[in-house]
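So, here's a batch of structures to check.
You will see two complexes here that share subunit A, one where it goes with subunit B and one where it goes with subunit C.
Presenting the complex of A and B:
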């Protein structure tokens, strides 16, 4: 075994350890440790990606060297390594971009605990990406929930407490359903490793026994994970939780946490059920219909908002809809589009939230659009980043969002006719709606007319903010302009994702 | 079909309890009752798991007198899963209770609808 093959395990376990150490340091020490570790895990994930791209096949890492039916496994392929690389990079840049707000919003003696939560969150995201064991996935889903709730309630105002409670209750309902699904599946198949379950489930399906329990289990998994990743009718908790948190938390929650659960769902589809069973149980119809509704109605809700961060939060609801439509198309191309959207949204939305944080700083802490008039002139880098993000969300070529829309449309064209028509129509409507709320927001931010109240406030140049914004802008344009490499990697990764 | 419900009475009871807990967590307005509902829901799943692992007439998987024949023992994996699950639900309960304390300190009520109303009123 080569050294690189240990990196996924090291990133998971050392992130947990880093969280423990952050809890005993003071604010600045914890910050340095957390940033150093996030940088290291980004480099390690990139090395893993290079290794898997070079070897061209996945490998399985046996924990404690116990082999298949007894031990716990980590499975690493191109797709997992690519996701881990992007997620750790985005996490690092989001923290840097919102650093000044973390220290403002948090009580001085509790700042170190913020970095503890970030480390735990990173660890659980790595684990959700890499794990091959269903019960481990459940445990890390819970760790993810707890850490993200703690990130929301960092600002101890009444609004964040209420938002956290609602978020936690909805998440617990979701994970209860997910756990019941895991347990029932264990009762039928007697395995917890996804590949073993997958083989048993296909056997059961061929024999035609247990068809009712299988339907129930698929329903439990999809509803449970849909609640946690804020698919349309279950999104009521999202706008409050994401808009009231500090800007780094909003960025991380919107960009990464929602995606962790979707990766688990894609893994369940590929490794446990396979396309054949999914189609015969009509799970993809459910995801497709609600994804389409989310794409349109999320954008309509965003259109009505006068609060910038709530607008961005509703935009996330719509963007999660794109991912579910990609999954619901039920073709290889659609699934690839869903994975592209996971990455494209993960690099775009945190940039928008960090820029919104910068605008709030030069507008007296207000989140209202009216107070942010001309904020882009007072915080020029944030203004540029917001414009890039808005263009990416609308889907202008050479930005990340365009790649998604292009591949989603391409995936829709390979699907069945009614689905193709609906998906393309929803894509067009959603694009128009996106333009209708992002373009006025950009105009508002660069408006020369300010009402004088904050006209002289300028943003203090900070190295971390500048670095994060520049990195986000470069990443977005690179992903949009040189998408061939990433799309090929995702296709190759999906090819080795199943059993 | 219906007779299966009586043969697997542990599982039936577990799923009914899960439903009770789930509805309580979703519908109740009182935060403490919500927390109780959450514990109902999770305990129901542990009952389900524990009953899956039990095999009638066998003993707990602890080796005494050097008897290593697996056919004498019950399945130990579900028990391990239950223990892990209990740890998770205990910590979530602690978190929820702490949150409830802070909400009560601020708003002097446990009714989630009223708390939401009060917090909206405070903001505008």
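Presenting the complex of A and C:
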């Protein structure tokens, strides 16, 4: 086994240890350690990606001396490595982009715990991406839940406490349903490893025994993970939690945490149930319908918001809807579109949230759209980044969001007739709605102020903010312009993703 | 009066003016909501409702009755959803394979190997310990860090900064629990003198014998944590702080988790690369047996004890 094949395991285990060390350092030491480790994780994930692309097949890595049904294992393919690379890169840039706010918003003696939580979150995301075992997934879902609640809570104010309570309750409900699903599935199959469960489940499905438990299990998994990833009717916790947290937390929660659960769901669909069972149990319809509703109603809710961060949070609800529509299309192309959207949204939304953090800084800490007027002139880099993000969200060519919309439309056109019509119609409506709230926001940010408020305020040039924003802009435009490479990698990854 | 067309709203919004609640209505012009309290308008509610446009009537209904109806529907819906979930899950239980039956799907080659080969492969008589710490050690590593995450979250939520108290940034009553703690109950003290050492010793016994008898890190750690809590209840925090304060907590916790992670990383690295890990498994049944399981049990035990005591002190007085 080559050295590079060990990297996924190293990123998971030592991210945990990095979190433990951050808890005993002071704020600045924890910051340096966390950033150094995130950079290292990014490089290692990129090396893994290069290795899997070159070898062209997935590999199994034993987490211990024993092979899979007895021990734990992780499975590394192109798609997993690609996700890990993007996720660690986005995590690093989000933290850098919101660094000044982290130190302002957290209590001085608790700042180190912020970086602890970031490291633990990163570890759980890596584990969710790579794991091939349902129970390991559950353990890391727990870490993910608690760490993301703590990231909201670290900005100490009344609003964040209320938001955290709501987030915690909804998130634990989702974990509970997921756990019930895992337990019941173990009861009828006797396995925790995804491939083995998949084999047994197909057998059960063919024989027709346990048909009610199987239906309920699929329901528990979909509802549980839909609650945690804020699919439309279960999204009520999201706007408060994402808009009140400090800007780096908003970026990470919106860009990455929601996606971790969706990756688990895609694994469950691919490796455990397979398309045949999913279709016959009508799980796809459920996800498709709510995805469509999320696309439209999330945007309508965003249209009504006059608070920039809440608007971005509702926009996340709509964007998660795109992912679920891709999954619900029930074709390879649709699933590829869902994976593209996971990455496209992960590189766009954190940029918008970090830019919003910069605008808040030059607008007296207010989140209201009216106070942000002219903020793009006071924080030019943030303004450019926000514009790029808005273009991407609307779906202008050469930006990341366009790639999603293009492939989603392509996936819809290869699907069955009613779905094709509904999906394309929803895509058009949603694009128009996106334009209706992002374009006024961009205009607002670049309009000159007439009332003379914040006239002398300029953003302090900071290396980390500049670096993060530049990286986000470049990543977005690269992903949008040279999408062929990424789309091919995703297709190849999906090809080796199933059993 | 300002124009209320949708383009006028858009232009005002672009200008940066914050819009009022009425402006956010999608229906264009602001509907005339009759002031039902004033006597001359009271007749409006009964007479004119049918003559108003439909959307105005809908909005009126929501503003008057909507919340009340929503609350009632919410309660009923909550009960219905819970009952449905209970019913569905109970009916699933009926269909599940019977508990303890030898032909359950869960009785398969995985369990067979754990039972027949655990002593030989992990060096422990306690197959459960072998399973959670060696076979599925990665899950347990995650589980130990779940506890760590929980402890850190509680610290974030409840810890009161001592310097903030000193500088008077907090109100008088915050963090004064320490001075008001009930102290000097003679029965409690005498009982604790007897019980605390026994709890510590029994906790250590459970941890160390985790490889050869039921027990292990989690259960033994809970006993030690209970001993620490009993000690501070009976003798006060100051007596406990002589040997267990925040600094000790951080040192113990970091050391335990780091040792655990490093051991596990070594074990996984060697196992995955097909190398011999040179870990001496010992003689099954002895205290020193089970290879990495014994140090893991010790590390997990102290970590659990720290976490439990940390929860207690944070909820009790907001600090260690």
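Quick note on the criterion: the second predicted complex is superposed on the first by the 498 of 499 C-alpha atoms of A that agree within 3 Å, B and C clash if a C-alpha of one lies under 4 Å from a C-alpha of the other, contacts with A are read in each partner's own complex, and residues count from 1 in each chain.
Just so we're on the same page, a contact is a pair of C-beta atoms (placed from the backbone, for glycine too) under 8 Å apart; a residue touches a chain by one contact, two chains touch by 3 or more.
These figures come from a predicted structure and were not determined experimentally.
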Going by the contact rule set out at the top, does A:444 touch subunit B (first), subunit C (second), both, or neither?
second
Pick one for A:366: touches subunit B only (first), subunit C only (second), both, or neither.
neither
Considering only touches as defined above, state whether A:173 meets subunit B (first), subunit C (second), both or neither.
first
Going by the touch definition up top, name the partner, subunit B or subunit C, that contacts more of subunit A.
C
In the superposed arrangement, does A:187 touch subunit B (first), subunit C (second), both or neither?
both
Now for A:158: first (subunit B), second (subunit C), both, or neither, which partner does it touch?
first
Using the touch definition from the top, say if A:149 reaches subunit B (first), subunit C (second), both or neither.
both
Between subunit B and subunit C, whom does A:481 touch in the aligned arrangement: first, second, both, or neither?
neither
Subunit B versus subunit C as contact partner of A:139, first or second or both or neither:
both
Both subunit B and subunit C contact which residues of subunit A?
135, 139, 142, 146, 149, 153, 180, 184, 186-187
So, in the complex, the side of subunit A touching subunit B is made of residues 135, 139, 142, 145-146, 149, 153, 156, 158-159, 161-162, 164-166, 168-169, 172-173, 176-177, 179-180, 183-184, 186-187, 192
Per the contact definition, I'd like the list of subunit A residues that touch subunit C in the complex.
1, 6, 9-10, 13-14, 16-17, 19-21, 23-24, 61-66, 69-72, 107-110, 113, 116-117, 120, 123, 127, 133, 135-136, 139-140, 142-143, 146-147, 149-150, 153-154, 180, 184, 186-191, 200, 210, 212-213, 216, 304, 306, 368-370, 372-374, 440, 443-444, 447, 449
The answer for subunit C against subunit A in the complex is residues 10, 13-19, 24, 88-89, 91-92, 95-97, 104-110, 113-114, 121, 134-139, 141-143, 145-146, 148-150, 152-153, 155-157, 159, 161, 163, 250, 253-254, 257-258, 261-262, 264-265, 267-274, 277
Of subunit B, residues touching subunit A in the complex
11, 18, 21-22, 25-26, 31, 34, 38, 41-42, 45, 48-49, 52, 77-78, 81, 84-85, 88, 91-92, 95-96, 99-100, 102-103, 106-107, 112, 115-116, 118-119, 122-123
